[in-house]
Each structure stands twice: as C-alpha cells, then as structure tokens.
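What follows is a set of structures to go through.
Below are two complexes that have chain A in common, paired first with chain B and then with chain C.
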Partner chain A sequence: MGRIWPFHGGVHPPENKQQSNQPAIVTMRVPKQLVLPLNQHIGAPAKCLLEVGTKVLKGQLIASAQGFVSANIHAPSSGTITAIEERTLPHPSALVGPCIVIDTDGQEQWIDHAGIDPLSVDKGELLQCIRSAGITGMGGAGFPSAVKLQAKTQINMLIINAAECEPYITADDRLIREYSEQIIAGIQIIRQLLNQPACIIGIEDNKAEAIAILSQALTGIDGIEVAVIPTKYPSGGEKQLIQILTGQQVPHGGIPADLGLVCHNVGTAKAIADAVLLGQPLISRVTTVTGKAAAKAGNYQVLIGTQVSDLMAFAEVDLASTSRLVMGGPMMGFTLTDHQVSVVKSTNCILASSALELAPVADHHACIRCGQCEVVCPAELLPQQLFWFAKAEEFDKAQSHNLADCIECGACAWVCPSQIPLVQYYRFAKGRVKTLHAETQLAEHARLRFETREQRLIDDKLAKEEKRKARAVAAAAAQAAKRAANPDAEDPIAAALARVNQQKQAPATSVTAEPPEDAYKALKTAAAITRTKLKKSSKALSDALASGHDQVESLQTTVDQLTLKANAAQAALSAYETKLGLDPEHEKQLQVAAAKAGVVVRKLEKSLAIAEDAATIEAQIVTAKTAHATANQALEAYQHKSTALQQQTQES
Partner chain B sequence: MQSLYFAIMVLALLALVFGAILGFAAIRFKVDGDPIVDQIDNLLPQTQCGQCGHPGCRPYAEAIANGEAINHCPPGGESTIKALADLLDVEAIPLDEEHGTEAVRTIAYIREDECIGCTKCIQACPVDAILGAAKQMHTVIVDECTGCDLCVEPCPVDCIDMLPIEVTPASWHWQPPTDIIATSNHAHHAAPQGDVSHG
Partner chain C sequence: MALLNLSSPHHHSLNRTSRLMMWVLLATVPGLLAQSYWFGYGTLINLIWACALAVSFEALVLWLRKRPIKPFISDGSALVTAFLLALALPPFSPWWLTFVAVLFAIVFAKHLYGGLGNNPFNPAMVGYALCLIAFPVSMTQWAGTESTLNLAQQWQWFWTETMSGGIDGYTQATPLDLMRHPKGLTLDELAATNPLLGLGLTASAWINAAYLVGGLGLLALRIFTWHAPVAMLASLGLCSGLFHMGEPDLYPSASQHLFSGATMLAAFFIVTDPVTSATSRKGKLIFGASVGLLVFIIRSYGAYPDAFAFAILLMNLAAPLIDTYTQPKAYGHQGNKDNER
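And now, the complex of A and B:
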C-alpha cells in the first residue's frame, strides 16, 4: 500500500453508519408509478422519444442525450407512459420540471439485451456502450461518466472513490460487500478505456468488512490496490481524496485530468460493469434509507424514478416522527419539502431524521470570529471572510478570496458555535456571482447587437444615397444620349430652366397670359384692395384697443399679415412699373402740362371773341396751340412707348 | 563654480533623458478613444432602453463621463449604481425615481395570433431581437431580448407582453439565509448539526 498524505482541516462528525450498514441490500418492490425527470445529470436535459400511451419494456430507451454532456434515460420497469408533464424535482429549489411518468405493469419484462466482451471490442464501441447506458456519476454530482472516460490527456492513475465519508450513508459500503466482483470488473473496463493506468481504491478505515472483502477479491489482480485512509470528513471529496492518495492538489479552476488523474465512484464502476457485461442500462441504484424515523433502516436496490414516498413506505418510515427528510447526507444534502419526488441516478441516501438527530433550523447568533471554520476548511479558504463578503454582497472580494474553490462540504457550518448557516451564504454568493457573470455576458452580447444594428442603419442610409446619386447620373447620361441622337430637338431641361428664369424675372406676370394693360391694372387693383383692407383692419384694431376688446391679439396678427401683404403688393407694382420703365410721376406731370396748355388755349380763344386785337391774340393762340400739340404728342409718345414695352415683355 | 556648472549640466541632461522617455511613452502607449467611457459603458446593462433620457447606453456613458448623475439607469438598479460609484470614486446615490424604478427583468412576448404584421416593433427594437416581415407574424427571439420595453408602445394592436423571466432549476439560485440573530441560548450538542440545508 502506498503512502497517504494528509489534507488540511476536516471534521469528525458522529458516523451513524451502523444503523444502515448491517442488513443486506433489499430489492424494493416495483412501485405502481415511476417518475423520471429528464434532467437527472449535469448537462443538457435528455429529449423524450416516446409519446403518452406508449408501452415500454424494462431497459427501453425513453429519452436520449442531447449534446456531448448529457445522458440517456431508460424505462426502469415495463409499463405504459401515462404522462409527460411537469413534476416537482428532487432539487433544493423544489421547482417543477419535465418528467416522464410510467405506470408499471409489474411484469418486469426486459427488452432484448446482451452484454459484450470488453476484451474483444475496441475502445469506441466500449465507450458507446457506456454512453448509451446513460451512466452518470453515482457519488452525488451526476456527471455523465462517458465524458470523463473520454479524457484527452494521458491518464496515469485511476482513483476509485469508496471513501463514503458523509455520516449515515452506507450505500457504497454495502455495494462493495455484496458486489466486489462486479466492481472490479467495472474498474478493469475503465482501465482498458484509459490505457491501463494504475488504480487506487480509496476507502475509509471505518469500513473494515468492505476492505477485507475487496482485498480478498483483488488477490492475484495486478494494477489495482486498496488504500485505506483515515476516517475524516470530507475525505471523499474528489479533490481531497486526490490529495490524500497522491499528495497533489487539483489546480484552481482545473480538473483532475490536468494532473493525469481521473476519479470514479464505486457505484459507477458497478454500473459500467452491468452495462458492458450484461447490457443493462442504468435503471436502478442502491440507496440508503436511514435515520431514527426509519424502522427498517438499510440499503435498498431502488428503481430510478421511484417516489420517495413509496420508498419511505417500503422502509417503514414513521412520517410523524420525521422532523426533516433529507435527500443526500446530513452534511451536503438538502431538505425535501415535497415527498412526491423521485429517486434519481445520484440519490445515494434518504435521511428521515427525528428532531433529536438533526436540529430543526435554528436561529443563528452573531459571528464571534473564533476562527474555527478556517481550521476545518478542507479547501484552505477563509470561511469567515467569505461569510462577511457574502453577507455584505461584496461578491468581487469573495471571488478574490477564492469563493469558487469552496466545495460546500459544510465542515465550517458544522463547527460554527454561532450556528451560522455558512454554506447557504456561500451558495447564495456563488449563485449571485454566476448571475452577474451571465448578465455581463448578456450585456456584452446586447451591446454588440445594438452597435451592429446602428452600423447597419447607417450603411443602409449611405447605400440609399449612393443609389439615388447613381440613378441621377444614369438619367443625365440617358438624356445626353437622347440629345446627341436628336440635336435639333429643344433640350427639355434647358427649356424648363429658361421658363423658370423667365418666371423669376417677371414674378408679377400672371400665368394666365393677361394683356399687359390688364396685368398692370390687376396689380394696381390688388395693391389698392390690400391697402383698403389694411386700413380697415388697422381701424378695427385701434377700436378694439380703445374698447379693450378681447380679440386684440388676432386682430393684431391680421394687421401684421395685411401690412406684409400690402407691402408685397406695392413692391410688386413698383417692380413692374420700374421694369416697364413707367414713371407714374412723369406721366402725371405730362398730363398736367397738356391740361394746362388746353386751358390756356381755351381762355385765349374766349379772349379772341371778346377782344378786337385779333392779330396779337391770334399769334398768342398759335403759340398756345403749338404748346398744346407738343404736350399731347409727348403724352401720346410716352403712352405708345409704354404699351409697346408691355407687349414686348409679354411676347418674350 | 565648476561644480555648479556640472550640477546644472547633469540636471539638464536628466531633464532631456526623462523628457525623451516621457515623449516616447506618450507616442508608444497612446490610448485611443476615451477609456473611461468604455469602462462606464461596460458597467451599464446594455438594454438600450433610453429610460435615462439618452438614445442608448453608450450615450449615457458619455454623459456620465461629462458629469451627469450615475443614478438614471433603472434596469441596472442599485448594483450598477454601486459599480459606477466604485469606478468613478463617487458616492453611491439611490436610483432617481424620475427615470423609473428597479423592476424584475422581463422579456417581451408577442401574442402571435393577434399580431397584424405591421413591423413597427421590429423597427423599434434596438437589438434586432424581433423576427418577422410585413403582414407576417412577428416573434421575439427571447435569448436576444433585453427587456427594454421599446417595442410595447409602437404596437398598434397592443399584442406585446412584458413577462418576468421564468425561474428554472438551472437558473435558480440559493437565497441568503434569513438573518435572524437568536437571543435565547440554544443547546448545541445534538449531532450532526452542520446540516447546511437550512433552506
């Protein structure tokens, strides 16, 4: 036997194993109903293959593994699938999850199955056999075994965990005593898969009978040795057992395979032997039922999916004296609130404890900083510090104190004189760390998607603009081609531009080609109308202001608008006049001059009739007439010129 | 006198050498962009909901870098405020209720038989988490949804529900123990008492 190394900490709780390790394993009768959760293992849940109403045989595949880390589920007994529904899961959360419900027919009719000779097949086939049998770690965690057997690194040592360090549990103890041959056969299969590494079976010295049987069974077998280790909780922890047997520590965040080691439970070894040699999938397991409330404490061969209530009835558990029903051991198990949950592949113990055995959940006291927890911590952490950080929700500090390395063994809580539920704090902190990490990843993912979307929108906009420009260029090219083909045709764009320019130059010219005189008149009228309106509104406004009318504001707005309009009309008129070269002042002056000359002529003619000095007056009349004619001519010429101008403008 | 010149020369030489080192470092280790904005942005929940009054998380990160209050992010809640306070070395202040209250994280679900296929929610979604086409039924890709609420308002037939995320055994986590400090003297001898399953 090789050397044994110590590990830090650990506790010695009362073992309480003698209650259940005396009687032989009893095969439990087939219950009326089996409930099989689709996720009994670590990894992705299995996918149900059959429909409600399907008849199944014992050992028939009913749900297949999804993905690499997953496990098949088989019908543990023959019967009919009566439901695929949500049932309470054997989980500390007591949440529901999808389960296959089988009503058994009691026939126990096996599906055709046959074992294979492990020595005559290659590794791939052997591995496939173990994989399809749905074998998961039987020690408690439930990790699919085939994944562990497919290690990529060179495995130098196989460690078989038979320590069973947790109080009360004796399932592995009884299994070794009764099935040592099968266990050794299973170990040989595992060794074959891992290229024949050396194998050590680690077993605590409180199982003297099991050690004796195992040693005897191993006589004449090379490469497998039994290492008896001192009884101390939690020596059965994977990392602790590795340290005890090899002196090596699994690195932070690493797995045993990093050290060239792989660790399997004795129960797993037996399940592998059954799967390979007999062709039987994992459909039942040995579960300890113990505690003061159990009249028939012992180990039972239980079909997977058996309801805990059925098992309790079979083991004659007195429900009245059961203060707490725990699935798993007293250190690492969890309290069941609902008895209608299933025994699953990793259920190694049902502890029906009386009030004297497990104290009911007690109020806890303040931490007195005694440091006991640090002394017993097998992972060499600082439980007290972790407790404070978890309590204060300082998760980053808890992480930097290696919260992730806590194996949740409960040694610290067990020694705590203040009865602080330390592990629950660590589990809470671990959960929050996990949630926060997941949230950070989600946020990062969302940010990426958001940025991608923004970029896409910008790109779309640019692409649209690009396309629009390309279309414009293409249209221009098409036009140019058209023009080149027909050079005499008037360029429509140039024509349109000319029209626009013309309109710009003559903004007052109405589109309906009015005669120029009319246009001028219309402008004049418009200007006059607006002026009048403005006057009226201004008057109304001043009246309103005077009488304090409440519509002052709206009137004011109207007046402002009209002022603008009037100004615009006036401006349009002036612009038109200026353009035509018309000068209303000049015209007026000419008119006045002509009228004056006419008046003078008429006066003089009168005077001629009266006066006798005809000669003088006649001369004067001639002069006046000439002046009148000149004035009239000037006026006529002016008016003629303006009309001609207006016509010209209109034509152009 | 000579020693004085010597000292000045040495100091001048040192100044030159260190200046050269600093100048080199300034070019060699130049940091592009504004790292503080990136750091703030990394702490924000990236729901892109706009409840802070900015069109997305990054604009708010820039606003914080320019002195805006750190308590305008309801989806982030107290934990984000705490993280921002730690980063910026300012005091953590309670969430500004004006911008909303901290609620459980929700996910949008479209009642698919009521959807008329208007694509308005698709345009509103800042993370492209809604799938559909014009006059076709739309649906939310729940894994991508940030629960920002922005799709609810544009829906003309009100067929989008914001539902809290369901807790599954995989996502469930332990709650902290109820913090009761015992006052009476409990006996502590019945073994084993280290049962950790106080839940």
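And now, the complex of A and C:
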C-alpha cells in the first residue's frame, strides 16, 4: 500500500453511519410518478426530445445533452410523459426549473439494449457509450463523467473516491459491499480509456467490511490498490483526497488533470460498468435514507426522478417528527422545505433528522478569533478573518485572503465555539464578489465604449477641421492665381464691403439716390412678382379646392391678400406712369414700328446679297433704312422725353 | 412539523465560548492557590470583589448598549478579565484599586470598543496599566512572604487601608524590583545580603510553576495553540540567557526571568488572548516572540519592575499589521509567490 500524506485541518464529527450501513440495499418500488429535472448535472441543461403524451420505455432517451458539458436523460421506467413543466428542483434555494413528468405504468418494460465488450471496441466507441448513458459524477457535484475521461493530458493515476467522509451517508459503503465486482469492472473500463494508469481506491478506515470485500475482490488484479485512509472529515473532498494519496495539491485555479490525476466516485465506476457491459443508462442510484425520523434507515436503489416524499414513505420516515430534512450529508447538504422534489443523479443521502438530533443553533455569539476554525480549515485559509471581511463587506480583502479557495466543507462552522454560521457568510461573500465582478466588467465595458466614442468624435472634429483648412488654402491659392492673372481687378470682397458701408452711412438717401429708371423698374418688378405670386397661390387654391384640402381657408386668405397686393402694385405702377405722362402703349407701338422697320431692312439686305437687280433693291434698302432710322429716332426722342420728365419729377 | 430551512453544516460540535472561558478560569486555579499560599488571602478577596464588579459592569453596559444581557454574561469573558486582573494586582490592593481597574477594563477597554471580539487591547492589561501609572505606590505594595496577614487583617486592609503597626511590616519589594536596583552590588552579593530575595524568588518560582501547569492543561485541551506562549517564553529565555552569559553580575538568569514576575501568567493566559493577538500561526509566533523581547527590554532598562502590561498592549497595537503580513498559503497556492503578501 502506498504512502498516506496528511492534509491540514479536518474535524471528527460523530459518524452516525451504523444506523444505515447494516441492512442490504433495498430496491424501492416503482413510484407512480417520476419527475426528471432537465438539469441534474453541472453544465448545460438537456433538451427534451419528446412531447407530452408520448409513451416511453424504460431506458429510452427522453432528453439529450446540449453541448460538451451536459448529459443525456433517460426514462427510468416505462410509462407516459404527462407533463413538461416547471417544478421545484432539489436546490438550496428551492428554485423551479423545467422537468419531464412521467406517469409510470408499472410494467418496467425495457427498451432494446445490449452491452458491449469493452476490449473489442475502440476508445471512441467506449467513450460514446458512457456519454450516451448520461453518466455524471455520483459523489455529489454531478459533473458529466465522459468529459473527465477525455483528458487532454497524460493521466498517470486514477483515484477512485470511496472515502465517504460525510457523517450519516453509507451509500458508497453498501455499494462496495454488494457490487465490488461491477465497481472493479467499471474501474478497468476507465483505466482502458485513460491508457491504463495506476489506480488507487481511497477509502476511510471506518468501513472495515467494505475494505475487506474490496481487497478480496482485487486479489489477482494488478494496477488497482486500496488505500485505507484515516477517518477525518473532509478527506473525501476531491482536493483533500488527492493530497492524502499523492501528497500533491491541485494548483489554485487548476484541475487534477494538471497533475496527471483523474478522480472518480466509486458509484460512477459502477454506473460506467452498467452502461458499457449491460447497455443500461444511468436511471437509478443508491441513496441513503437515515436520521432518527426514518424508521427503516438504510440504502435504497432508487429510480432517478423519484419524489423524496415517495422515498420517505417507502423508508417509513415519520414526517411529524422530522425537523430538518437534508438532501446530502449534515456537513454540506442543504435543507429541503418541500419534499415534493426529485432524487437526482447526485442525490446520495436523504437525512430526516429529529429536532434533537440536529438541534438548531440558538443565538450565535461574537467571534473571539479563537482560531479553532483556522486549525480545522482544510483549505488552509483564515476563516476568522474571512468572516470579519464578509461581515464588514470588505470583499477585496476577502478575495486577497483566498475566499475563492473555500470549499464550503463546514469544518470551521462545525467547530466554532461561538456557533457562527461561517459558511453562510462565505457563500454570501462569494455571491457578492461574483455580482461585483460582473458589475465591474459591465462598467469597464461601458467605460471603453464611452471612451471610444469620445475619441471618435474628437477624431471626426479634427478631420473636419483638416478638410476645412485644406479647402481654405486651396481657395486662397485660387484667389491668388486669379489676382495674379488680373491684377487691376477690384477685390470683390473689398468692393462688397465698401458697398455695405456706403449703404450703412446713407440709408435714408439710398432710395432717392436711385436713378429714376430704377424706381420705375422696381415698381415694375414688384408688380410682376406679386402677379406671379398671385398666380401661384391661385393655382394652389384651385388645386386645394379640387382635392378638398383642409388648408383651403388659409390659401384663400393668402390669395385674397395677394390679389390686394397685386392690385396695389399695379395701381402704384400706373400712377407712377401717369404722373410721368408716360403711355406704355405708345412706347410699345413705337418699339414695334422700329423693330418692323429693322426687319424689313434685314430682309432687303439678304435679298440684295442674292439679287441681280441690285440697284432697285439698293434703292429700296435706302428707303427702308431711312424709315428705320426715323422710327428709331422717334423712339429715342420719346425715351429721352420720358427720362427728362422723370428727372423733373424727382427734382421737383 | 415545519421543516427548518438552514444553511450547512447542520451538525455542530459541543464547543462553546462559555466552555472555553470556563476552562481558562479553571486553569488559573493552581496559580491562584499558589499565590494565596505565599501571599495570603489578599488575592482571593480581590478575586471575589473583581468578579462581582466585572459581572455588574458587564450587565450595566450591556443594558446601556441595549444588548441582550443573559447570553453575553454567560459567555464568561467578563469573569476571565476579572480573574486576570485579580491575579495580576498586588495582594494588598484596596477595594478602590480593583474597582478602577475592573471599571476601566470592562467599560472602557472592552465595551466602548464594541464588546467581546471587537476590543483591540486586552481589557485586563488596560485596567492594569492604568492603575500602574495612576497609583504606582498601591500597585507596588506587594505582600511579603515571611508573615502573611490573617483573614481579618486582610479584610480590614482591603476596605480601610489601615493596619495596626502599619502595612510596611507586611510588604516587600518583588524580586524583580530588588534585582533592578542592586545598589551597586552584583546579583550574587545582593542575594547574599538580602535574604528576602531568595525567598521571593522561591515564591514566584512556585507561583509561576503553578501557572505553567494550568497553561499546559489548556494546551492539552487545545483551547489555544502552542505558538504564542512558546514563542514568548523562548524569546524571553533566549534574550535573558544571552545577556546573563555576557554579564552574569548585572543580568538575572533565564530561569529567574522565566519563573519570576508574571511570566507564566502572561504566557498562558494573556498572550493567548485570541481577540487581541495575531491570528495566523506564523503571526502568533511573531506576536509571542515580540512580547518576550519587549518584556526583557522593559524589565532590564525600563522604569517599571514588570513589563507585561506594556509589552502586551504595544503588541496589541501591532497585531493587525502582523496579520496583514503573515497570511498563510492556502491550499493550491504552494507554487504561487504572489499569494504571500
């Protein structure tokens, strides 16, 4: 037998195993209803494959693993799926979650299944067989076993955990006594998958009978040895067992495989043997029912999904005298307040204790830093300091005191003379650290986003500024080039500025300074503009009327106003013309006459170019030119007269 | 029956604070008896008086602080403080001296800082140090070993501080005090000229041995770990041994240091006070060793004959700092240097 190393701390709570380790394992009758949570393991929940109303056979796959770290779920007995709904889960906080409910038919009708010879198949097939059987760690954590069997590193040692250090629990003890051959077969399959590493079965020295049976069964088998370790809680903790058997510590943040080790529970080994050799998926397990309230304390082969209430009834648990119902052991288990929850793949114990057996702690006293918790802490922490930090919510200090390495074994709280619920403080602190970490990450993300945005805005601004500057330079260059080409040209900006200044200096005289023609023109323009506006508005109005638009009224008002304006403008223009003595009609006639004469001249000139009788045409041209000149003279005279008149009116 | 909903662990050891305190009180009994044998009834009268005062003050302050009185009184911590004060104060202490010491210990040093578990300083040592500074004469009236007062005389002195024929006939300087003022004599000459020294040394050796027995009992019961007392005694023994080897005429030997004054009382009943000392194993070693060193320095060069109150109060101040730098390596951190801060 190999050397046994010590580990720091540990406690010796009363074992209380004899109540349940005497009777042989009893197979519990098939309950009327099975409730199978879709998430019984560590990792992603399985996905239900069947619909309500489907008939299922014992061992039939009903929910499939989702992803690498997940596990299949099979029907533990034949029957009908009657519901897929949220039910209370076996969880410390009594969470609810999706469950498949099967009403059993009592037939126990198996689906077709057959085992394989592990030696005749390759590793992939063997692994697939274990994976599809939905096997998870049976010791309590429920980690999918196939994942651990697919180690990426070289495994030098397989550790089989049969320590069962928690008081009261005897499921592994009985399992070894009754199924040692299956367990060894399972171990051999695991060894085959891991390239035949040496195997040590770690078992506490309080299980003499199991040790004897196991040693007997191992005679003549090489590579597997039994290591009997001193009874001390929590020697069955994975990290502690590794230290006991190898003297090594799993590095912080690492896994046993980093040391070339893999650890499996003894129950898992048996489940693997059943899956490979018999083709039976994981649909039942051995669960201890014990405590003073249980009349038939012992171990039961229970179908997964059996309600705790059914199991308690079968084990004749007196509900009236049960004060604390614990799933798991007294050190790390959690209380159930509702017994309508399922036995799942990792349920190793139901502890129905009377009020005296696990008496509730009265009031806890102040911490006197006695340090007894430090003495017993298997993680070598300073529990008393962690307690003060958790209480004061100094989570950074708690973290620097390795809060994360606490395995929540409860040794500190068990020994505490002030009866402080230390583990609860650590769970609280861990939860807060997790939340704070998530919050910090969110805040960091938000900060990064904000800073990136700010930087982008600044960059955009700079780029714009650059572009603007480039444009300004280009424009200046163009201006300079233009000036160089035409040096006499007046600077347009300067000229504009000068005009503006002029206007500013003499705003009152600007109108009078306007030439008379301009005033006349302005009037004309104003009249024309108002006319155009009126036309537009009128058109809009008619359109609106046609389409029944709701703005007709306002348009009508606009048209009316514009009509008034146009009339006024026209009146102003006419008045101005009358005042000047001008007659637009006469001017137009003169213009027409002049134009006509011009046309005649041009026509004749054209004719001349092609005509032979030049003399005649020349004479005609002369006459026409004269007529044109006369018409022009008349027009000029008229225009001159009108200008003079305007000037007179202005002056007067 | 409604099912309880409680956090794990669901089982609990029978370990209780009151049990720890009771064992500490029991462990002082050999020392108490030895002290009474050599110095008379003074210590016993003091003890009863101090216990009554401590419980009364504790109850009073708990009431003022609106805390439940019974659970806190029953933890026994006030009695431990009372015992330690009664054992440390001179047997000729008058009633008011004990009154002041206990008042200051329980009300000021303990409850004004938040009660049991929250006090940075050892309450008994605070009370003791206060009296030592405020009433040096009363604090050095140590009973003589030759003739002890009878119960009636002791009782009279306790309440009235009057004594037919004066108290001087009954008091005597402690061996440590004598050795601190050798009046130009070597220690050997002092012992030869002053027979009281030898007798005093014998008495305090017996008393210290009695405390050692009690302390070893507590150690066997694992009420505390060995680290702090062993470190303290080792450091005091080492320092005094080295100096005695260098100048035997000036410095008392290691055994005289270890078995005189309050050495053993301090080592097993005061240095081990968990509330005010360092908390990790390494921290306790440093804490204990530093107390031993300070005791030697103060005994050899200080103005006071014994040094425990000051040495311990000084180290109480340093305890949080020691804790910060002596955090043990957790499981899985062995290869990780960052963890050691």
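Quick note on the criterion: the second predicted complex is superposed on the first by the 438 of 652 C-alpha atoms of A that agree within 3 Å, B and C clash if a C-alpha of one lies under 4 Å from a C-alpha of the other, contacts with A are read in each partner's own complex, and residues count from 1 in each chain.
By definition in this document, a contact is a pair of C-beta atoms (placed from the backbone, for glycine too) under 8 Å apart; a residue touches a chain by one contact, two chains touch by 3 or more.
Since the model is a prediction, treat every value here as computed from it, not as a measurement.
> In the superposed arrangement, does A:Pro167 touch chain B (first), chain C (second), both or neither?
Both partners, chain B and chain C.
> Taking the superposition as given, does A:Arg432 touch the first partner, chain B, the second, chain C, both, or neither?
Only chain B; A:Arg432 stays clear of chain C.
> After lining up the shared chain so the two structures overlap, which partner does A:Leu95 touch, if you call chain B first and chain C second: first, second, both or neither?
Only chain B; A:Leu95 stays clear of chain C.
> Which partner does A:Leu358 contact after superposing on A: first (chain B), second (chain C), both, neither?
A:Leu358: touches chain B and chain C.
> Give one of first, second, both or neither to describe whether A:Lys391 is in contact with chain B, with chain C, with both, or with none.
The answer is first: A:Lys391 touches chain B but not chain C.
> Should A:Arg447 be classified as contacting the first partner (chain B), the second (chain C), both, or neither?
The first partner, chain B, only.
> Just chain B (first), just chain C (second), both, or neither: which does A:Val11 touch?
both
> Looking at A:Gly67, would you say it contacts chain B, chain C, both, or neither? Reply first, second, both or neither.
The answer is neither, since A:Gly67 touches no partner chain.
> Quick one: is A:Thr335 in contact with chain B, with chain C, with both, or with neither? Answer first, second, both or neither.
both
> If you lay the two complexes on top of each other, which residues of chain A touch chain B in one and chain C in the other?
In chain A, residues 11, 13-14, 92, 167, 324, 326, 330-335, 358-359, 361-363, 365-366, 408, 410, 413-417, 419, 421, 423-424, 427 are touched by chain B and also by chain C.
> Which residues of chain C touch chain A in their complex?
Listed in rising order, the residues of chain C that touch chain A are 1, 3-13, 15-17, 19-20, 68, 71-72, 75, 77, 115-118, 222, 224-225, 274-275, 279-281, 284, 323, 327-336, 339, 341.
> Of all residues in chain B, which touch chain A in the complex?
The contact residues of chain B facing chain A are 41-42, 44-48, 56-58, 79, 126-129, 144, 146, 167-170, 172-177, 179-184, 186, 188, 190-199.
> If we count contacts the way the header does, which residues on chain A are in touch with chain C in the complex?
8, 11, 13-14, 92, 167, 239, 243, 249-254, 319-326, 328, 330-337, 339, 351, 353, 355, 358-363, 365-372, 374-375, 378-382, 384-385, 400-402, 405, 408, 410, 413-419, 421, 423-424, 427
> Per the contact definition, I'd like the list of chain A residues that touch chain B in the complex.
It is residues 11, 13-14, 16, 39, 89, 91-93, 95, 97, 167, 324, 326, 330-335, 356-359, 361-366, 390-391, 408, 410-411, 413-417, 419-425, 427-428, 430-432, 434-436, 439, 442-447, 449-450, 452-454 of chain A that touch chain B.
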